[in-house]
Each structure stands twice: as C-alpha cells, then as structure tokens.
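Structures given as structure tokens follow.
Look at the two complexes coming up: chain A is in both, with chain B in one and chain C in the other.
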Partner chain A sequence: MEPKVIHRVKLTPRSLEVDGKRVAEAVAGESFLTHVYRQRQMDYPKFFKMDVLCKLGFIASEILLETEGAERFVPRADRAVILFNRNSSLNADRTFQRTIADPEEFYPSPSVFVYTLPNIVTGEIAIRNKYHGESNFILLPEKSEEAMNQAVERAFMDGETTSVLTGWLEAVSETEYEAEMKLIMMM
Partner chain B sequence: MIVRKIGENIVSPLGFSVEENFTALMSGRSELRRYESLWNLPFPCFVSLIPGAALEAELSKEELTGRCASSTKFEKIALLSASKAIKQSGIDARSGRVVFILSSTKGNVELLADEKTDFDRVTPANTAKMIAHHFGNPNLPVTVSNACISGLCAQIEAFRCLMSRQYDAAVVIGADVLSPFIVAGFQSLKALSDEQCRPFSANRKGLNLGEAAATVVYQVADDNSDGWRMLAGAVRNDANHISGPSRTGEGSYRALLSVLGSSKLTVSDLACLNVHGTSTLYNDEMESIAINRAGLNAVPVNAMKGYYGHTLGAAGVLETLLTMRAVEEGKIPATRGFDELGVTNPVLVSSESFDTQK
Partner chain C sequence: MELIEELKTKMIEALNLEEMTPADIDDNAPLFGDEGLGLDSIDVLELIVLLERNYGIKIADPKQGKEIFASVRTMADYVAANRTK
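Entry: the complex of A and B
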C-alpha cells in the first residue's frame, strides 16, 4: 500500500486545469474564481462571503471532488484535509489591518477577522463536505514537494485516514493566487 | 520505538522556565490584569503580557541580546524558549536528523501596522526558518497554523515524524504575542471578557488573551526508556461552523475517542484532562458535552486559561508541559477563575488543586 494521486486540479488567475488538461481560461472583466463558480453552476451562496483564500480552496476542492465522482455530502471521517502555503492568511490580515489602522475610523470587522487564520479554508471544505476527519494547515518557507509529501505520509499515520485532500493554496491578493490541489488515496 | 520528552521550556509572564511557571501556577499567581486603553485601543481589556525588561534580561543571560538586536518580541520569545529547551535536551540541533516545528497563529502580524513592511517577515514560516537557521539546522522547518489547536497539532506532527523515523528528534516551539490586531479582532468577535476569565463557570463572560512561548523536545527512543511518552494524538473537525464550536462537541468528541482507542488507555488510567476551557459560553459548554459523550466525566478536569489567558499558538505546548509537571508532583492544578459550575454536562473541575495517585 502506498499513497497514489487520484486526481489533481490547478487553478491560477489565468486558467483551470484538471488532471493536466486545461478546461477553462480567464475572461476579461470578471474575477476568474467567480467565473468558474458560475460556469460550473455551483450553488453555495456562502461562497460570496469568503475571502480569496477560501474562495480559491472552495473552487479547487469542488472541481477536484466533482472529478472524483463519488457520492458527496455524506458525513465521513476517513478523509483528511491538509493544505499548505507560505504566506498564511496575508490578504485577509492586510484587509483587517486596514479596519484598525486609523484611530478616527476604527471599525474592526468581525466578518474580516474570522478569515485571518489560514486554516479557515480547511474548515470551509470540511463543512461543505461533512468531513469530520483530520484537518491541518501547514506553512512552509518555500513550495517544497518533498516537505508536502512527507506531511501527507504523516497524515496517513492516523488509523482512520484513508484519503487526503491536499495541496498548495496561496492567495496573496484578489488577483494573485495559485492552487495545486490533489486527492491522494492509499492503495 | 517510543517518543519521549527530553527537553522543555516556558517563557511567559510567570517566568522563564517550566519550574518558575509551575511554582507560580501552584501558588495561584497570574499576570492577567485589566488595561483601560492598552495601545490606545478604545476599550478596556484583561490580558497577560510578557514584561519587556525581564525578557531583555533573560535574552542577555542566554547570550542572545546581540542576535536579537533587531528582532520582534515574537521572534525573541520563540528563540529564547527554543534555545533553553534545546540546551536542556542535549541534542545537536545542527543534525539533519532533527526537525523544527513551529506552532503559531499570527506570528509577526503586528508588522502589518507599518505600510512599508516586508511581507516576507510577517509569515511564521519564515520565523521558523530564521530559528532553524540560528541553530544551524539544515532541514526545512514545518509551521503548524491550525488556530487554537496548533500547539497540539504540532506535537502530533512531531510524534509522527519520529515514529515514522523521518527524524530522530523534534523541537516543537509554540509562540504568539499580542498586538492591537489580535486584541481588536477578538473584541470584534465579542469573545473577550474585560475581567478575570472564569472557565466552566455560570457567570463566565468570555476569554482573556495572553502571551507565551513554550518548547518541548521529543526524541525517538527504545521501548524501555524512561520519562514522559507521547502515546497517541488525533485531530478531528466539527464540520460545523468556521468560528464557533459544534453544539454536539463533534470534533472534540471524535478526537477523544480516537486517542482513547489508539493509546489503549481506559478511564481509570487517566490522572486528568487538561482542556481548552477558554471561558467563552460556547467553548466550555461544547467541551462539557464532548467529555461526557466520550464517557470521561469521572476524570478530573483542569483548565489553565485563568493563569495565562489564551496564549493561542503557545497554548497546546504550554499547557501540556505544566500538566505533565503537575502530575509528576501528584497534583491536579486548580482551575483559576472557576467558581460555580455553569455547563449543562457535569465536569470535575475545581477552584482548588488536589492530589492524584496516578
């Protein structure tokens, strides 16, 4: 038994790739994440409340799990969600900082502050899919495939975990982001 | 093979070693206090801060003053705590068989107040890199940023790194400092109490925040080695709400069941449960439900937020170390701030410390 990549999704501001094939490209004038959401007719209004890191993780995981084609939204604890990036929740942090920067206009926003943790996106994916298994967010100083593979191997050491939704998920602004998400199974 | 603790340290407002902190804890001390307008914030808050002068004195003793001349408080406490624990453990931190694991929720986020800040310095991933580099360690460090449970997740990562023989020793550092960013954020969520926090109490009003760094060094060892061992760890998700706990304590309950199962321990083996006990209405209620669902309501419970406040990424490491130290002395520490039980499911929490035979 060893971990095998079953499907992969790559999502950048320019294009969406599924299992190495380009399936959508950016169009002028609309956020690409919103474009994919509408094109795929996803029906999840909470999407519009999310920060960019969560939107990116949501879209990438939806496409990955649609590609898997298994029955969805059945409560389970055998799938872990382990995501990585370098800059944590930098975009939400900068947005929140702007709400407290000026003492004359000091309005710290709870709806922004909740997104100032990188692992919120693992929570969004767990909630959407009713995943009660392990979830974790790991920061790495660089995008190291080796470090990510090691962390996935460690996740499989939990006796209940049989698959891992994992990958690199970085969004430093509304227009600069990268998701490389994989579904890995022990087989 | 087993995983055992070989080094430890706590840097907090109550001292700069596990021993100083344990002594303070058992005498009921705390540096939690009310500030009317800390950092000119337009509301009072009740927090526990590491005093700058005492920190500088400790850095000097550890010969880190020069190294830390332009460091942030977060970098200073993390480095100081790691340095002391590594020294105590006797490991060679330069070895490729050693991994550094940092646990932090917000790291250097206060640097964002300066619009011209270098974003590279804000991410805790790079603080971890700086620390590993300081000790001459060649490996890419792992930083766990998994909210309140980060310190425990980081120890579970260490456990797995060692049991799988990816590495022979792991230095786990938990650290967070407070800033207007963090205090204003928790205030906006209406999670803070402006008086002493009261874990599990009927009149609890919210949490207090605190600063700390805590380090534990784990090593893989032969089955017959002595000392504290880590037996099992589990992380589970509520899959319920991004910022509030499940009303059924789902994630916590599942994690407890998993740990009981894989450690092969029974209720009668347990000296105590050290719980999160933040003193928010929802957290403490959720934990009481999870403890009862897991059949652990006969096990004594203690919560340490009444001494330190919620120390975020440090909490899981800090509270693990102090719980171990207390049980070594045959004690379960008092839950400071607790008065009258105010959760729907019974938990054995006490405002006095008591003896344990386990």
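Entry: the complex of A and C
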C-alpha cells in the first residue's frame, strides 16, 4: 500500500482547475471565489463571513470532495486535513490591525479576529465534513513538495488515517491567492 | 422607523449578511436561534461594537444583551433611549 493522489483542485484569482482541466474562469466585476460559490450553488451562508484564506479553503475543499463523489457529512476519523502556506493568516491579521490602528477609532472587530489564525480553515473544513482525524495547518518558509509530502507521510503512520485532504493554501490579499489542494488515499 | 432601517443596513454590512436586504429582516423577528436571523455569539460581539462605534453606547452588563438584541425593534428602542451620538 502507498499514498496516491486521487483528485486535485487548483484555484487562483484567474481560474479553477479540477484534475488538470480548467472548469471555470474569472469574470469581471465579481470576486472569483464568490462567483464559484454562486455558480456551484453552495448553500453555506457562513461563507460570506469568512476571511479570504478560509473562503479559498472552503471552495477548494468543496470542489475536491464533490469530485470524489463519496457520501458527504458522515462522521469519520480516518481522514486528516493538513494544509500549508508561507504567510499564515496575514490578510486577516492586516484587516484586524486596521480596526485597532487609530486610537480615535479603536474598535477591534470580533468577527475579523476569529480568522487571525491559519488553522481556522482546517477546523472549518473538518467541522463542515465531520472529520475527527488530524487537523493541522503547517507554515513553511517556502512551498516545498518534499516538506509537504513528509507531513502527509507522517499522518498516515498513526494507524488510523487512510486519506488526507492536503495542499498549499495561500491568500495574501482578496486578489492574490492560490490553492493547490489534493485528496490522497492509501491504496 | 428610520432608525430601524438604519440599523438593518448597518447590521447587514457589519455581519456580512450578503444574501439579505433590509426588507428581508422582520422588525420583530428574533435575531438569534433557528427561527430568527440565525446570528451567533461572534455576531453579538460585532453588534456590541456596532452600537458603541455608531451610537456611543457601551454595554457594560452582558446580561443586558439578551433583551437588547432580542430583535431589531428592541435594539432600536435601546439605541433611541441611550445614544450619545
């Protein structure tokens, strides 16, 4: 048995690719993430409250899991969620900083503050899908397939994990982001 | 009445209720729970910030929140009686 990539999703401000095929392209005048959310008729109002990192992870994981085609929302502990990036929750951190930067307008935003950690997105995906396995967001100094593969391999060693939703998830602003998410199964 | 509409607009913006318009929010409907707007605990904190920022109201006693945020109408009544700006 060895880990095999079952499906891949690549999502950038310009396009959405599933298993290497381009399935959607950006349209003028609307956030591409919101465009994909509406186009795919995803019914999850909390989406609009999320920061861009969480929106990116939510959309990419939803498409990845739709592509998998397995029954959704069944509690399971054999699937891990392990994501990576370089800049943590930088966009939410900056947005929150703006709410406290001016002493005359010092109103820390609770709803922004809750997204000032990168592992909020792994938790969101795990909660949404009822995954009770490992949930981890790892910061790397740079995008490294080797480092990411090592983390996934370690996850499979716990004796319980049989699949891992993993990949690079970076969002430094509302218009600069990249998700390369994949589903890896031990086969 | 004008204050109620103003509050609805500010709530939609502050809580990112993108799918909603002021007309979708019933003046008397509960803001929390399955029957109402379905807001959560983080939304309550955001509403407290909204009242302080826009109307100069500081809610010192968290227990007051349940009554103040029962509906948009109770919020408007509280704002009208306690606003400092």
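Quick note on the criterion: the second predicted complex is superposed on the first by the 187 of 187 C-alpha atoms of A that agree within 3 Å, B and C clash if a C-alpha of one lies under 4 Å from a C-alpha of the other, contacts with A are read in each partner's own complex, and residues count from 1 in each chain.
Operating definition for what follows: a contact is a pair of C-beta atoms (placed from the backbone, for glycine too) under 8 Å apart; a residue touches a chain by one contact, two chains touch by 3 or more.
Everything numeric in this text was worked out from a predicted model, so none of it was measured.
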Partners on chain A (chain B, chain C) - clash or fit: fit
Which of chain B and chain C A:141 touches, first, second, both or neither: first
Chain B versus chain C as contact partner of A:149, first or second or both or neither: neither
Partner chain in contact with A:103 - chain B first, chain C second, else both or neither: first
Contacts of A:175 with chain B and chain C, given as first, second, both or neither: neither
Touched partner set for A:48, first chain B, second chain C, both or neither: second
First (chain B), second (chain C), both or neither touched by A:114: both
Contacts of A:88 with chain B and chain C, given as first, second, both or neither: first
Touching partner for A:39 - first (chain B), second (chain C), both, neither: neither
Greater residue coverage of chain A in the superposed arrangement, chain B or chain C: B
First, second, both or neither for A:15, with chain B first and chain C second: neither
Chain B and chain C, minimum CA distance [Å, superposed model]: 8
Footprint overlap on chain A, comparing chain B with chain C: 108-110, 114
Complex contact set, residues of chain B against chain A: 40, 42, 105-107, 109, 112-113, 119, 122-126, 128-129, 140-147, 153, 157, 160-161, 163-164, 166, 180-181, 184-190, 234-243, 250-251, 254, 258, 261-262
Touching residues on chain A, where the partner in the complex is chain C: 45, 48-49, 105, 107-111, 114
Chain A residues within the chain B interface of the complex: 75, 77, 81, 86-88, 90, 93-94, 96-97, 100-101, 103, 106, 108-110, 113-114, 116-120, 122-124, 126-127, 129-142, 144, 146-147, 150-151, 153-154, 157-160, 172
Residues of chain C touching chain A in the complex: 14-19, 38, 42-43, 45-46, 49, 52-53
